[in-house]
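Shared between the two complexes below is subunit A, which has subunit B as its partner in the first and subunit C in the second.
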Partner chain A sequence: MNTTDYFQLFSALAPEIIVAITALLVLAADLLGLQETPRSYRMSIAAGLTTVGCAGAVAWMFLNRTTGNWHGGMFVIDPLNETVKAVILLLTVFTAMLSVEAKFTRHCGEYFALLLLATAGMMFLASTEDLLMIFASLELVSLSLYVLVAFDKSSRQSAEAALKYFLFGGMSAAFLLFGFSLLYGLTGTTHVPRMAHKLFTLGVDPLGTVALVMVVVGFGFKIAAVPFHLWAPDAYQGAPLPSSAFIASGSKVASFYVFAKVLLLGFSQLGWGSDDSAMGGWMPLLSIVAALSMVLGNLAAIRQTSVRRLLAYSAIAHAGYMLVGFLALGGEAFASLLFYVTTYALTTVGTFGVLGVVEAQVGGDQLKDFAGLSRRAPVLAACLMVFLLSLAGIPPLAGFFGKFYLFAAALKTEGQSLPFLWLVILGVAMSCVSLYYYLQILKQVFVVEADERARPLAVPFLAHAVVVLLAAVIVLLGCAPTWLLTPLQEAIAELGW
Partner chain B sequence: MLAWTIYLSFAGALACLLMPRANPRATRAVALGTALAGLFCALAGALQFKPINGLEVVTHVRWIPALGIDFSLAADGISVTLVLLTGIAAVAGVLFSWNVEHRTNEFFAFFFALIGGVYGVFLSLDLFLLFVFYEIAIVPKYFLIAIWGSTRRDYAAMKLALYSFIGSGMVLIGMLAAYAVSGLASFDLQTLAQFSFTPEFQRWAFPLVFVGFAILAGMWPFHTWAPTGHSAAPTAASMLLAGVVMKLGAYGCLRVAMTLFPEGLKMWQHELAALAVTGIVYGALVALVQKDFKFVIGYSSVSHMGFVLLGLAALNIVGWSGAVLQMFSHGIIAGLLFGVVGRMVYDRAHTRELDKLEGMGLMRAIPFAAVTFVIAGFASMGMPGFSGFIAELQVLIGAWQAFPKLAILAGVGIVVGVVYTLKTTAKVFFSDKTEAAESHHDHHAHELEPISVQERLGAALLILCTVIVGLHPRLLLDLIVPSFQSPLFDGLRKAAGL
Partner chain C sequence: MSFILQNLWLIPVLPLLAAGISALLKRPNRSLAAGLAIGSMGASFLLSCMAFAATHGKHGAASRQAHNFDWFALGDTVVRLGWVLDPLTAAMVVMITFVGSLIFIFSVGYMSHDENFTRFFCFLSLFAAAMLGLIIANNLLLLFMCWELVGLASYLLIGFWFHKPSAAAAAKKAFITTRIGDVFFFLGIVWLYSETGTLLFYDSGRGCLEQDALAKMVAHTTIGGLAASSAIGLLLFCGAIGKSGQLPLHVWLPDAMEGPTPVSALIHAATMVAAGVFLVARVYPLMEMQQAGVSEPIPLTAVTWIGALTAIFGALVAVSQTDIKRILAYSTVSQLGYMMMGLGIGGVAVGMFHLLTHAFFKALLFLGSGSIIHGCHEEQDIRRMGGIQKFMPVTFATYAIGMMALSGVPLVFCGFWSKDEILHSAWHYGPSKIPFFLGLGGAFLTAFYMTRQMCFVFAGKYRGGHDAAHDDHGHSHSHGGAHSHDPHESPAVMTLPLQILAACTVLLTLVSTPLWPWLPEYLLGEAAHVDAAKLFNAGTLTLLVVSGVVVAGGIGLGWWFYGLLPAEKPDEKDPLEQQFPEQFAWSRGKFFVDELYAATFVKWNARLGELCHDLDRCVLDLLVSIVGWTTTGCAHVAKLFDEFVVNKLFDAGCGEVRRGAEAASELQGGQIHQYLRSIGVALILFVFILAVGCNK
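And now, the complex of A and B:
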């Protein structure tokens, strides 16, 4: 270990360092210099700093394109995880912009600092291939998010949501750690690719199966897949709106990416178990989790009257769709999954943006609060239509292509036999169900008239800009999916997955 | 030229949306301009239509190379026929919705979004693209009915949206499976049609895709969206639903399900024909006992679309070309019927119940509507001289060669069709009760506002089309019949033994 090595590592870590320093800077600026100024001013400064920091990190990544592997997979840079990190940073910026108008806290600096720390955790999560680092960065993300959920100190719901999220999260961390320790015991390494090799030579082992189940349980909590989803509706509903948006977007992207990496790389050869028993493999297990998530998420969403809870259940359903992508072969799985999760996250942030305006101005997140939105805020209503139809999978929006590609990839696995046809059929059928409840929201927005006292909403400029921008991105990515797909596929091809 | 129909419609939708809300007249002008421009492009495209091997490539651009998806538009005679139908229906639809005052700009925006999707389906040669346009058409239908509709509009709109979406879901599964199994990494219809899928695969994939599309074509027993949807929809939307949207389904059956899985058609031919004939007879019988004027027409649409499906199942060229001609013919006639019922009668009388209309003396009050309905009724019954006659005759000839017994049953359906059409006409326009009612309140008949110029123009356009095609069917048949020689239909011809 010589000094140049450290310098290289430092420069490789620069994006994460920039984000961490920004977090400290935001905190310092707010605590030291701005305590006497009005809150909106403090919020704007903090959000501005956050944006600059994230932009700086992205700029660094794209100006200094390097690849490398430090300390045996502890820290890895490749084109794919750079793309993922850029997406996470982008989502952070959008979340920060949506937070500017928020009125739930007086602790602006702390709020944005935590947001940035969570982001840094997600970036580490995306750029490691080591179980230990995965766990450590996952904890950084989780701890920050617990606090972000609890941030509305005046709201009992927020506290309740945070406690639920914390308890479930803690349990999932325990499962994950247990699984990881078993894996380490079996293979003697924490490096995922080496572990894959060892696991393959070991063949199907009962202990390996236990470890696998533990890992799936642990990550299942993170991505809110059935039956580990119970925290999601409460957390979505109780948390301050930007925190919900961040949990639903950035956290999803990072968790799915690392889950896919552990499962698809670490257990690459064990998808179907061994010849004598398929039970040891993760594919049957995961397909069941996917099916349950799709069915339960979609059916439960029908009954919701709170739009936040509805989005939470729809998030569970979408987690189910994304798990279908895991079943595709090799690189296709990563490409389809990342395309889906990225567009899904962007769509969700946009939806939360609209939801935030409605909550702030109308006073609730019930379906009826959306009545006549097309008259009260036509642009927002149009954007909401784009987001919800994209979630339902209607072309020409990004959500449609995401779903299409996901299902196509899952079907293309094993030649002529179409082993996952039943899952795709279930997925498509459940999409039909989902159209029903998305249309319920849109019916309120476009069909139902607002009562006479309703006035046009005063939409803050920043929220307007974010929402319109996101809607445009969703439409563009739907019409020209290659813009995102080609970079992803090239990066994956370069990695040889 | 043909491709511009799509682009112009979507541009028109956007333009209508951006028009000032307070000025519906300007919006209408823009809408009429868009519709006319679309019709003009369709006509010009039809006149310039020069197919090579039965197919004229319109646009071909790489779109998503990673999955073998191209933005490829092409037309054969069938597409041209249906594009023409769409153009005509769009113009008539705008003319018949001249009285929409509520949220006019949004109305026409949804209207043209739907039209653009329809044009797109008829012109797509790429399966993915076709599917995209097919789904684009779903959402506008929902809003057109839910916002501007009448009877039970919430229910009808949601039912239509879900039925369409379920149908397209079935199609999606079928097309993804075909894509995966073929291993060609292409969604090009011609490429896929050349691939011979195994009979076991076709056995389940064909009914899946065919029924998926046929749901929208109103195939019995999946037709129930049609009567409720048609009657809840505002006039222009019912004209489009019956006129072109149901054709989307039938076109998908022919262009996708049948060309991709010809062996599957052969296996399921008799079952499909039986369903089609059930639809014909059932639709006609149910229309006979309806009390709501629009429901009569709605069920008659189910009945007439049964002929399209019967023709498709016949597995011979007479049947197929008859089916396509019937799509065109029914599109025009159903548009006309819904125009009379929805716009001319319902918007004035504010009721569609046959018993109430009976006493209103509509023949005196709006003679133009009565005459139009009589003409449309004759055309719908299949009187010689109108397009319906030649189309249904061809279907029956085609069906006779394949399954004579079913063809006879279908003939019975035509007879019932005559009965309900005459019965309804007599009841609404020429009832004896009219005079009795008039003597009681004499002034009642004169309250109805006169038929507007736009309505007259729209009706005249549609009547003209059905008469021209009725008198000179070769105009369209010369387009349609050679299309079946294109490589796209190779497998289908082989399966039919032609």
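And now, the complex of A and C:
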């Protein structure tokens, strides 16, 4: 491209710019003006600014709908990634709202600034088709998240979790970069669609396979799939609660989106390996990872007594289900995948919202801390039931349709005679297993009597509002899944994938 | 698309929301629950009026608009739902929300002593919401869902006082009896779907009630030479028979009186039973499809005859009942028969016209009876009333208006005109004159039994209260004073709805006479004109005179029997019983339909159950036992094998699993270098698998 219309580029980048500027604003406001004021006030101001910034970015995207491609795929805008970015911004807002009541830090400005920087990274991640940009934004996200995990400086667990997360993340980033560079070496380009073309003409060779596995390692870390999941339980447990919620939601959405896009655009022809090659493609590879994740995640979750660790293992299991959706990658399956990851992220944020209240008021995240919650905070208990049953995939909640569409798509793989039937059966069976541990929590909530001294919980208004809103959304999306699915399908159809 | 069409869904959703919210309320939040229910109905009423205004003044096809949307997609099959706005919908929603609001207001007074007040209003709102949803549905499936919700809500409300065994039994009976009709209804739906591939009524030419689908169905001949359209029409009508209490499934309707009286009013006037009639009206295009070689549409013939028989049957039974609500219940059965007959021979306008007018005066009568029951300390036996006119003047006046409308007293009551319309079309019914005479006989009996009831309740002197034998009724109302057993007038919150309904019953007459038949014409989507000739043409006039004479005869005869010499004591023999003891016993026994069912279907069912039980015990149990013995035998063998062979191995295996678990926990042992090592191992393993395992 010879000339660039910088004004146009600026306008296209505006949402990201708004988020980045908000990050700086939050930091400046907190450091310059509010040091003397009480913490709750500072938290509210920072969260408010964050919300306004994110809302501004969303508003800009919806008022100023453009599509375009700058610098050969470095920055791309299409209806699909705008939707994904809107979802990410929404999750950021929810995370910010859940953070308001948190008491783990005095550095309010820094905390929200990092949250926003991570968000900006995710937005870039969603809107690029270039390996370099993917890597750079992934690093922006990861580095922000490492710090967010470490943010509770008074807690040794937090520091330990962050260090593990960082080392594990650094290692897998190294693999990812190695994989990317191999790909560049093979194809001479970092632009994903062009790379796909080149890879297709080359066929699968050993070097390409190594690159592929390395890419899977790198992204497998982000989505916490077995065997790259080891950081997740520690990080979920050690991190401050809003950070965990954000890792489990926003980061998941962005990672799944970009992982699916790289595979779909870059390796679409190599699913099964080509005929003249000795190497298999990524489909057998991912089916192994998916099966391992589903089995290990669900089985390990059964044994947990800490709800946070339980959620971490359940997240691993859900990553497994979603990987099943990868195997059918095509337009419709991609829409199902995005539907699943979006509803999953919303549900998880809601669960963490309830968990946050319980931790703050009861003092722990053990199963027994949830005893008698239905008496102590009936609304929260009801919402928690909605979330957990949705995670387990009970109709008519959103989680059911997510699983249903995903598995249905996996069964419709073209040209093959149900190659992934076994995976779908395994997935359904494992969903049954998952019901056991979700019901374990609900049993504590609804059946087990609370301690006699237990009094009703004082639920902060904001947490209440967020949780109820999310529960309502989950029920609504369960009753009318097309509200989300149809726009996604249309956006994908427009792209012609 | 107009605003109201876009937002028509709000009409059922508002009461539904009210039901949902009040379900969450605690018991003491009484006024909030009532406020929510009444407020939501009021808001729905306003919306309904807008819907009404939107359809008014449009004629022909323009008066019908539908809004459809995708619900979900399974593969290539898209399930679509929607709602439809036409005069039928608009008139029904206005009636339901208006009468419903008044009944809700009345309930505030009637249920004021009940501790489950909040729950009551939750159910009432659900009931109204389901009914409203049924009305606006543009999809037979959606209609069916709401239909079942109506059934559920009626079950909950009839059995509201579930601690009374009779109420619990009545609720069960209503639920099961209507379910019998619903089975056929559902078969009809499935068949309709397989014939047309859609359940939308109107879908700009592709709906199942539109020309293409109908033509296809009528051309398709199935079992017994019936066209598919006729067979489906008959199946759908079976659903209506169950819901609208037509012969032979009418048995649940009188028992439904066990519910609180406002519920009876809601069931009998505005919701539940109207659903069946409405269903026939909604699928009328299907019902009236005429198959080749038959002079009349078969489903409509069935509708006519069942309706006519039900009309006379209900009236015959009502003549001898002594429970004030039961009399009204049988009169509803009879009136529903009229509506069906009207639909069958006169078309949508005739039947629905009577449905609408009936809703007003039947709600009035039921609420009036509720007021009487409330005033007489929960006494329902008309033999123990009498002379109440003195104590409850407002109730008396309004009840009298309702009674005259139901009896069809000429000229100023809407009931007269709508009934006359039905008789008029029955007179011109080609195949047979019998429905006409059945209808006329029913009209005579209606006037007679309503006069009987009026005389028992209001004339003479009060026979209840001081009767020592019945004093101990278990109701110790603390009204205080020496007159604690005298009836008392109900509070304004109860009498006001009565007055409004009474006013409507009279005012509705203005728009329903043949002189200016605005309401019937509106239902057809046509403009009405003032046309004196229509009123004064010979046929109409003769019929007016005939039915006037019949009604006068009925009232006169009733007065002669009961009014001249009002009963003195509660246990006196009924004058009619003295004259015709045998026939009276049949009527009093409701023609022993319940007993017949108990002796046949219920018994057969029980027999079948026993048979299944025996079969289960003698055959299946034996088989199971044999399997069991074999298994036990095998188990003994296995046990030996187990103890000596497997256990050893198992213990070894357990140790292995334990070691594996230890290894797994070491995997998650918090040691970061081990975590990192796993990445490297995975990388190598995966490459190896891809390179070797997938080698083709």
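Basically, the second predicted complex is superposed on the first by the 486 of 497 C-alpha atoms of A that agree within 3 Å, B and C clash if a C-alpha of one lies under 4 Å from a C-alpha of the other, contacts with A are read in each partner's own complex, and residues count from 1 in each chain.
Throughout what follows, contacts are C-beta pairs under 8 Å (C-beta built on N, C-alpha and C of every residue); 3 or more make two chains touch, one makes a residue touch a chain.
Everything quoted here is computed from the prediction, not taken from an experiment.
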Which partner chains sit in contact with A:Thr486 here, subunit B, subunit C, both or neither? Use first/second/both/neither.
both
Report for A:Leu389: first if it touches subunit B alone, second if subunit C alone, otherwise both or neither.
first
Counting only touches as set out at the top, which of subunit B and subunit C does A:Met171 meet: first, second, both, neither?
second
Which of the two partners, first being subunit B and second being subunit C, lies in contact with A:Val147: first, second, both, or neither?
neither
Touch test for A:Leu285: subunit B only (first), subunit C only (second), both, or neither?
second
Looking at the overlay, what does A:Val52 touch: subunit B (first), subunit C (second), both, or neither?
neither
Applying the touch criterion given at the start, work out whether A:Val428 contacts subunit B, subunit C, both or neither, answering first, second, both or neither.
first
Subunit A residues contacting subunit B in one complex and subunit C in the other 401, 481-482, 486
Within their complex, state which residues of subunit A touch subunit B.
374, 389, 394-396, 400-401, 404-405, 407-408, 411-412, 415-416, 418, 421, 424-425, 428-429, 431-432, 435-436, 439, 443, 446-447, 481-482, 485-486, 489
Which subunit A residues qualify as touching subunit C in the complex?
160, 163-164, 167-168, 171-172, 175, 206, 209-210, 212-214, 216-217, 221, 227-228, 230-231, 233-234, 273, 275, 278-281, 284-285, 288, 300, 401, 480-482, 486
Applying the document's contact rule, which stretches of subunit B touch subunit A when the two form their complex?
63-67, 106, 128, 131-132, 135-136, 138-139, 142-143, 146-147, 154, 158, 161-162, 165-166, 169-170, 172-173, 176-177, 179-181, 183
Which residues of subunit C touch subunit A in their complex?
70-73, 664, 667-668, 670, 672, 675-676, 678-679, 681-683, 686-687, 689-691, 693-696
